[in-house]
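Below is one structure; the comments refer to it alone.
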Amino acid sequence: MSAELIEYAAASDRVRAVYDDIMKTRGTDWVNNFWKGLAHHPPTLERVWRDVKEVMQPGALDPLVKELVYIAVSVTNNCRYCIASHTASARNKGMSEQQFAELLAVVGLANETNRLVIGYDVPVDERFGGKSPGA
Amino acid sequence: MSAELIEYAAASDRVRAVYDDIMKTRGTDWVNNFWKGLAHHPPTLERVWRDVKEVMQPGALDPLVKELVYIAVSVTNNCRYCIASHTASARNKGMSEQQFAELLAVVGLANETNRLVIGYDVPVDERFGGKSPGA
Amino acid sequence: MSAELIEYAAASDRVRAVYDDIMKTRGTDWVNNFWKGLAHHPPTLERVWRDVKEVMQPGALDPLVKELVYIAVSVTNNCRYCIASHTASARNKGMSEQQFAELLAVVGLANETNRLVIGYDVPVDERFGGKSPGA
Amino acid sequence: MSAELIEYAAASDRVRAVYDDIMKTRGTDWVNNFWKGLAHHPPTLERVWRDVKEVMQPGALDPLVKELVYIAVSVTNNCRYCIASHTASARNKGMSEQQFAELLAVVGLANETNRLVIGYDVPVDERFGGKSPGA
Amino acid sequence: MSAELIEYAAASDRVRAVYDDIMKTRGTDWVNNFWKGLAHHPPTLERVWRDVKEVMQPGALDPLVKELVYIAVSVTNNCRYCIASHTASARNKGMSEQQFAELLAVVGLANETNRLVIGYDVPVDERFGGKSPGA
Amino acid sequence: MSAELIEYAAASDRVRAVYDDIMKTRGTDWVNNFWKGLAHHPPTLERVWRDVKEVMQPGALDPLVKELVYIAVSVTNNCRYCIASHTASARNKGMSEQQFAELLAVVGLANETNRLVIGYDVPVDERFGGKSPGA
């Protein structure tokens, strides 16, 4: 049921241009399956690669922190591929097993406390920008 | 419809002991509404506070990174209170507006690519631990 | 932005027939807003009321347990109206504050452990129907 | 891509102490994979086991009802392992096939009506604690 | 761990009546696994089939558009079976590969912008029915 | 707690260029709050506007269908602002009340059946690309 993956040899010039830029940007000689799936629709392939390059580049947050955030979202959404690929990226950027374990602990805890807040319908504190109770 | 908040003056000794520890641990003189909601059930109040103290303490990940991860989960789950309170905590720990903006950009992108992966049913690459296509 | 609510006085005969059955079935003299919103589309109003009547009736699970399950889903999905209305129903059916607190504790914990399972990608045990590791 | 599972024979004393307590508390001679995954991070293993023991014990809600709630959350979140393990626990505690079927019917219905409420943006009734329309 | 599927040969008359109606309505000679799983609980089988027939029939929206909406929800919820079965239905109703690719692009983008809106806590514009800022 | 909205008068040239393009593309003289929130981070404002323009333009799917898909995702994720703004867009593009009602009926049903599939762990049919049971 998976979309067929489009390998470099079978790809159009438009798709190869993106694959080439992915490999050059990452300093590697291969392209992971995500891109080979998106290649079915070259405008999406180009757009998403452009966005990933821009959003994940070093900035006010360092690239490892961005990978940790990516994993946190992917675990919350239960995206198995995304967890596998971004865990690999995070390890390449230096994530230790201890850091991974602490990350999952925070993700688990946040998912728990989110529901306690929702279940008790806790109003936002005035100090956090909520309305005054008398208002 | 919100649960009534249990203020310090109206709290039992058991609840006050947790409020005191929260204020002492954080070096503040107030307790935010989350805990005043949980105080309806002292065993939950005690348990969740103990867990938050343990999980959010400095470790292999620094406390600001843990707050960023907390926000990422809370945005993905749409927990307005949680975003407000952990954004405040993250700012107290030094998060800049530029960092907040980059955090949201990563959270948004991960939520998008998670669904592209799922929609195209991308198989996990062997290098990421997936099965060989011939297996 | 809310859909206008369709009150009994303004309702068509088709809608009134459902409102009448809701009040009769529940032994009350009012209809809550959910149905007044659905009344914009009588086929949906009729279909959903028929389904709710069938699914929520006493069966192998008693009606209070069904309300608790409803709340658990609504908290996980962050549906504020649904939590308010089904918490009211559950209280009418005898839910105590202690039971509500324990319900939320389980909902919180399950949301946490769901993500730990997903993050660590735990394989299903053979005893639970998973594949043998050698298979 | 799954985390390697830490078996009893390979476990540290700290991990074994938790495994021993799990088997003793449950009156069984085996430990399911969830705990063998968490064992990579002993503080998480200890904390989550302590929380599960506390939250899932008999209280104002009986243990079978707690398992049903757990399954409801896990189905809503699409956690396959969690559904398998808690369905097994619920069956051990007496859940019949008829009860399981009714549980899934309620979970499905709640997921449907949650979205109808959200789509029509239904305001909370005053009787459920909502604001008066004139306020 | 999957529920055993109930094949036509092994089904009760009550279940066969639904299977027969599914095949007749669809003009096919087979029944897909979803219904064979639901057949464990004939009231659910009957109810869900009645609902699907009613909701998915041609109306103000054409059946292909309804299938696209179904896929959009299933991708957002990460339901692999549902994506596979409704993608097949949509192709039967004429969905092209280009349309599928554009569908996934919209689903991905909406999941991203949903979180940007939530993260920045954007207030609803007055023109969209939001409150006036001075109110 | 909402991010302050950046109005045209207070905006930098970089932000105004995007606002100008939004108004020109849409043939209107105003900009909705979403963009005024994103304007805190001009690279995100530019990127997301570029993506929205590309993804939502007429293609193999017509723009109204794309709006319906957007609403389906936003209802599933419970994003109130997104529902309000895209419902307004869909109405501008011709969505009738009957179409909106049918859309919500499909969204509700899909959210229900997604969970029935997950709860019964239905295997993908061979005809839909699933594995043969004997494999």
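Think of it as A, B, C, D, E and F in the order they're written, each chain with its own count starting at 1.
As a working rule, contacts are C-beta pairs under 8 Å (C-beta built on N, C-alpha and C of every residue); 3 or more make two chains touch, one makes a residue touch a chain.
Bear in mind that the values here come from a model prediction, so they are computed numbers and not experimental data.
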{"item": "Touching both chain C and chain F (chains)", "value": "A, B, D, E"}
{"item": "Identity of the chain that, by mean CA position, is farthest from chain D", "value": "F"}
{"item": "Angular offset of chain A relative to chain B [C-alpha, multiple of 5 degrees]", "value": "180"}
{"item": "Proportion of interface numbers common to chain A and chain F (over half same, under half different)", "value": "same"}
{"item": "Comparison of B-D and A-C (more C-beta pairs in contact)", "value": "A-C"}
{"item": "Inter-chain centre distance, chain D versus chain F - centres from mean C-alpha coordinates, in Å", "value": "32"}
{"item": "Centre-to-centre distance between chain D and chain C (centres being mean Cα positions), rounded to whole Å", "value": "18"}
{"item": "Intercentroid distance (Cα basis), chain E paired with chain C, Å", "value": "20"}
{"item": "Whole-Å gap separating chain D and chain E, where each centre is the average of the chain's CA atoms", "value": "26"}
{"item": "Touching two or more other chains - residue numbers and ranges from chain B", "value": "1-2, 40, 43-44, 47-48, 51, 55, 76-80, 83-84, 98, 101-105, 107-109, 111-114, 116, 118, 120-121, 124, 128-130"}
{"item": "Category of the chain touch graph - line, ring, star, complete, other", "value": "complete"}
{"item": "Chain D residues within the chain F interface of the complex", "value": "71, 75-76, 78, 80, 83-84, 103-104, 107-109, 111-116, 118-121"}
{"item": "Chain E contact footprint on chain C (complex, rising order)", "value": "1-2, 43, 47, 51, 54-55, 124, 128-130"}
{"item": "Interface residues, chain E side, partner chain D - complex", "value": "1, 40-41, 43-44, 47-48, 77-79"}
{"item": "Contact set on chain D toward chain E in their complex", "value": "78, 80, 83-84, 97-98, 101-102, 104-105, 108"}
{"item": "Complex contacts: residues of chain F adjacent to chain E", "value": "1-3, 5, 30, 32-34, 36-38, 40, 44, 48, 51-52, 55-56, 59-61, 65-66, 68-70, 72-74, 76-77, 79-82, 84-85, 87-88, 96, 98-99, 101-103, 105-107, 109-114, 116-118, 120-125, 127-130"}
